[in-house]
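Listed next: structures, encoded as structure tokens.
Presented sequentially are two complexes of chain A, the first with chain B as partner and the second with chain C.
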Partner chain A sequence: MIVVRLFGVLAILLVISFLTFSLVYLAPGDLVKNLLGNRPASPEAVAAIRAQYHLDDPFLLRYLDWLGSAIRGDFGQSIRLQQPVSTVIGDRLPNTLALVALAFLIALATAIPLGILSAAREGRFSDSLASLLSLIGLSAPSFAIALLLLYVFATLLPIFPAYGAGSGGFDTLWHLVLPAVALAAGIGAILMRLTRAALLRELQSDATTFARARGLREADVQVAALRAAAIPIVTSAGLVLTFIVGGTIIVESVFALPGLGSLLQQAVQFKDLPVVQALTLLIAAVIAVITILIDLSYLVLDPRVRAKGLNR
Partner chain B sequence: MSTSSEQLNARGVVVRSLAVDGPSGPLVRPLGFTVGPGRTLAIIGESGSGKSVTARALTGLLPRGLEATGSASIDGDRYPLSTGERSAWDRIRGRRAVLLLQDPFTSLNPVIRCGAQIGATVRARMRAERRRVSGSSLKLEVERRLDEVRLPPDVARRYPSELSGGMRQRVAIAAALAAEPRLLIADEPTTALDASTQGGVLDLLGDLQKRHEMSLLLISHDLGVVAGRADDLIVMRRGEVVERGRTNRVLAAPEHHYTRALLDANLSVTDTTIPPRPPSPMLLTATGVSKRFGSVTALDAASVDVARGEIVAVVGESGSGKSTLARCIAGLEVPEAGTITLDGRDLPPGRRGRHPGEMQIVFQDPYSTLNPVFTIDRSLRDALRLAGGQTTVGDLLELVELDPALGSRHPSQLSGGQRQRVAIARALAPNPQLLICDESVSALDVSVQRQILDLLIRLRDELDLAMLFITHDLGVVANIASRAIVLQRGVVVERGSTAQILRAPQHPYTKSLVQAAEHDSIHGASAQAALQVRPSR
Partner chain C sequence: MSGTPKLSPRTRTISIVPGRRRVRWGATLSVVLLAGVGLVALVSPMLSDAATRQSVLDALLPPGSPGHPLGTDELGRDVLMLTLAGTGSAVVGPVIVAAGSMTLAVLLGTIAGYVGGFVDGVIGRGVDVLLALPVMLVALVVAGVFGAGYWVTVVLLIVLFCPSDIRIVRAGVTEQAPRPYVEAAQMLSLSSSRIMFRYVVPNTWPLILTNVTLNVGIALVALSSLSFLGVGVAPGTPDWGRQISDGRGVMGDNAAMLIVPAVLIILVTMAINVLGDHLGTRLRERGIQ
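Let's turn to the complex of A and B:
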């Protein structure tokens, strides 16, 4: 089963690599101008650049060239930064990883307890308040939340730094707080709604009624309901994680964080094809791996799926 | 109630003026009853009668928006039914009264092992009695409870999904009885189970009740289930008691016309009303149909044929492959082997190359097969457009004996019987040669069942329609089919005329099915009951 899935992932990565390649190729802009700037360029310089980056080769040949090297593990050189793509990505990966992890933790730590509270006190004031909060988180776009956070917590009350990644260690963590909160807001709101809905469904189930009918303590009844609701909550948390990975592009740009998201944004603008290709594939692969892990988590969490999986 | 019966019932259950109000008026009008220790009271009614609401009101588990009034007392401990306080119910639920639900597939928590679910009740009881329980004695207690419902101790380590429906309901009973309640309320405890397991579960409940001197309140739509099992009977209709009395008396000599109608509507297996058909050319012939799902063989070389104007039943319990056979014939599943011919033409496997005018299916639950946002008109018009015939929506509705004015309604505004008529009308839109009915009357009340069966027979006669009727219910078979096949684990174990199969079954499996059905048939039971009652009068 897993082998089949992995082959599926490889096929998807191949398709994505072709699509991104075509999109960057078709996008407006001229690599030569990007490299030379606005200075008047001699025809020799232009020709030299066109030759160096094989700009005059047919489209398909250029793609196959790239694919051939990529399969051998060579993703080429960043045109903009004149460094190997692996170095460029490697330098910025820790920042983005830390940002994603922090945002995910913030989203989990706020949304799941809030969702549980909201379901347990359905229809009361705390439920309405939590619903209002999640509505705000859901409807405000992340760049707007980012700008608001910047204004309030970096300008008005200068508690947090406004930009950059800091000098490592605790300082970096301090720098990541605002971006992570901006990233977590929308995603946490989705997660909170999903948690609330999943738990409510279990609290209204026959199993809960039967547990109450047998005289079980309300606390025990709710814990049992939560165990059954954990299946949809965990899997939706996984899906939310994939949203976070995509959301880094906007948030890193707003906070000028040197991470993969801002790198991708700059690379697209510059038509830095090797970097765009490597980054999109990396993000796609991460998302694919997350979804496979979600499916595997069913095996751990749900005895019904486990029984079926063993029968196969 | 006389004072003497109240004294008698100082032990036992006394319910006074129980009533339930909903947002749109009363659901249950004030009613009272008593159930002595070791006695069984059955509440019988169809959907909407208020029987389940009554059961829930006694344990304070009404759905939101419903309010109960009145009071109950169990072994002298009197409590109001109106209280919404959770703590007040803590005293009642568990040690006093436990509610056992209908569907063992949903009433157990799917992610918790059976042993732990029984253990949770034991812990709750120990806590209420201010006793401590050690891990090893808890394990022993769980095993003892499993043994009581005749399940092996290793069931404790299983998840509910690893057990059959009958075993799950036994686990639920064990979990309920671990609270040692004085009153067990069983709300349709066997309706979700196969006929051959129903009897066993009901007998087990009866045994345990006698052993624990419990009062049992048995809620059911099926008069057959309560015959021979309940001491007293209450018949409810639209929230009101229409008849009450000793079970034997009510079944033998019902006083209210509604009780009589319920008795008449109960489909009997013993008198088959359908005569064998004169031989006519075969319309459908399915031969050697096999289908596997993973490592499970759902169908093993099953064959069935239906002539024009004939109704053939496919009988089996859940997992017998009866629905798979219907789906293979309809092209909804692709069988691994076998041929299906209709009107002399070989049908390719799967849906490709099929025509709506060949065959149509009517499923069990019309609520899930009709689009809830479409009016009836719209649903039927869509079906007619695909069929391309000359019929109108009004004609179709009249064909299934529905008022054409109902066309402007949505499915949720119709009763269960009306919805199933609409589903039948939609299936008839392309004027099919063969109609496949997959448990098409199983979700309906008994009185409605009868009407739908009569409708199907009329349609067969008028349209010379061939029907393949998939069902688990031998009572339905006896009242609609002229021939039947019996499926067990994907194999056809018996085939013949309905009369043959019901009166002289050959295969041991068919025999057990017929026996279980006869036991639950009131016509058999009420005849016995009448014999027992008369000498004393």
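Let's turn to the complex of A and C:
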């Protein structure tokens, strides 16, 4: 099963790599002009660039060339920054990882307890309030939340810094708080709704009724229900992942954080195509890997799936 | 719920499920808000001239200034007018995206679900590829690299929204296909296309309606995020996303430039989501499914 899925994912990645390459091939604008800028160019210089970037080779050969280097981790040179793409990405990766990790922690720490509370007190005031909060988080675009946070907590009440990534260590963490909260709002809203729905379903199930009938303590009953509810929550992690990619691009742009999201936005704006290609492929690969990990996590979470997997 | 017509809404909400009252109330409020925004969107093209009128003398007035209730930006454009005129591109595009992608999806999803086999496989693999990347990423990269305008971006979003709609419609259709009424229609040797689009599709109507509504909200967020990032809407055009992006520069002088459209986007999306959820529950309760 896992092997079949793995091949499916590889096939999709291959198609995506082809599509990204074609996109850049079809994009308007002339690479030679982009590189030389407004300087007057001698025919020799133009020819040298055309040779360096293999611009005269046929399309398929160029694609295979690019794919071959990409697999070895060489994505070429960034046109805008004049550095290898892998260096550019490597420099910005830590900021994005820290941002996403912090946002995820904030979301988990608020959404799961709120979801549990909401399910346990279904229909009461606290449930309505929590549902309203998740509705706001789900509806508000990241950039609106990010800018409102920026206005209130950096301009009106200057508690947090407004821009940049700080100078490392605790300072960076302090700079990441507002962006992480903005990103966490959406993630948290999705998680809270999922937790509430899944837990409500479990609490109404026969297994829960039976556990209560056996006279188990209510706390034990709820822990068992929570574990059973974990599966649909993890299954829907794909939804959260999709949200994180879009949200990171926006939040990093708003707070001028030098991460992968703002890098992509700038690369698109300046038509820095090697960077766009590399990032798109990289994000597709990361999503594919996480999807497989989510599949594998069922085996850990659900004994029933494990038993089936072994019998097969 | 539907079997208690004699109870007044008030007793019903108190007796059965507390909290239901907030939901119905929310739906009413949402309809009112959306109707208002829709009206403004209809007249917004006429406001475009007034919104883009620049005046150096009136630059950066704070909210509450005479003649400019929400103040002006650094070019002297009136923020209230700008916001009203921006309603059109903020709202019309998303409605077209949601309706367009669902129309395509009803066509492809019904065929995939009803015909099955090879056709289903081909459509399914296409959906898999398109769903492998987040909509926002693809939209930003494709529209940005090609320098797409507003309507091209709308068409792009229709294509990108389609796969998830196809999955939903296909699921609804495969659930309908084994039912007796379909078998009866087949016995009468009606054509497949007639069975699909005259009998099966109308039975998935609740599913379609709910998802179109929810998609308007998602498309609104996507389109305004793109124009915030500088993709889709040309500079200087009145548009909420663009206005919020411009508003960052005048945050210290006139924060209304940024806050008003940001809050409007949040409220409109909330209203759409409340309405979508409400429609979903109501239609399910009536058991049309």
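Please note the rule applied: the second predicted complex is superposed on the first by the 256 of 312 C-alpha atoms of A that agree within 3 Å, B and C clash if a C-alpha of one lies under 4 Å from a C-alpha of the other, contacts with A are read in each partner's own complex, and residues count from 1 in each chain.
Basically, a residue touches a chain if its C-beta (ideal position, glycine included) is under 8 Å from a C-beta of that chain, and two chains touch if they have at least 3 such contacts.
All values derive from a computational prediction rather than experimental measurement.
Peer 1: Quick one: chain B and chain C on chain A, clash or fit?
Peer 2: After superposition on chain A, which the two structures share, chain B runs into chain C.
Peer 1: Contact-wise, after the overlay, does A:256 reach chain B, chain C, both or neither (first, second, both, neither)?
Peer 2: So A:256 meets neither chain B nor chain C here.
Peer 1: Scan A:302 for contacts with chain B and chain C and give back first, second, both or neither.
Peer 2: Only chain B; A:302 stays clear of chain C.
Peer 1: Between chain B and chain C, which one contacts more residues of chain A in the superposed model?
Peer 2: Of chain B and chain C, the partner in contact with more residues of chain A is C.
Peer 1: Should A:224 be classified as contacting the first partner (chain B), the second (chain C), both, or neither?
Peer 2: Only chain B is touched by A:224; chain C is not.
Peer 1: Once the shared chain is lined up, is A:51 touching chain B (first), chain C (second), both, or neither of them?
Peer 2: neither
Peer 1: Of the stretches 56-64, 236-244, 344-352 or 380-388, which one in chain B hits chain C?
Peer 2: Only one listed stretch clashes with chain C, namely 380-388.
Peer 1: Check chain A for residues that touch chain B in one structure and chain C in the other, and list them.
Peer 2: none
Peer 1: Residues of chain A touching chain B in their complex?
Peer 2: 205-207, 209-218, 220, 224-225, 227-228, 230-231, 301-304, 307, 311-312
Peer 1: Chain A touches which residues of chain C in the complex?
Peer 2: 17-19, 22, 128-129, 132-137, 140-142, 144-147, 217, 221, 224-225, 228-231, 241, 244, 247-248, 251-252, 255, 258-259, 262-263, 265-266, 269-270, 272-274
Peer 1: In their shared complex, at which residues does chain B touch chain A?
Peer 2: Those residues of chain B that touch chain A are 59, 61, 86, 90, 93-95, 98-101, 103, 106-112, 120-121, 123-125, 127-128, 159, 161-162, 172, 175-176, 178-179, 294-295.
Peer 1: Going by the contact rule set out above, which residues of chain A touch chain C in the complex?
Peer 2: So the residues of chain A touching chain C come out as 8, 12-13, 15-16, 19, 23-24, 27-28, 123-124, 127-128, 135-136, 138-144, 147-148, 150-151, 155, 241-243, 245-246, 249-250, 253, 264-265, 268-269, 271, 273, 276, 280, 283-284, 287-288.
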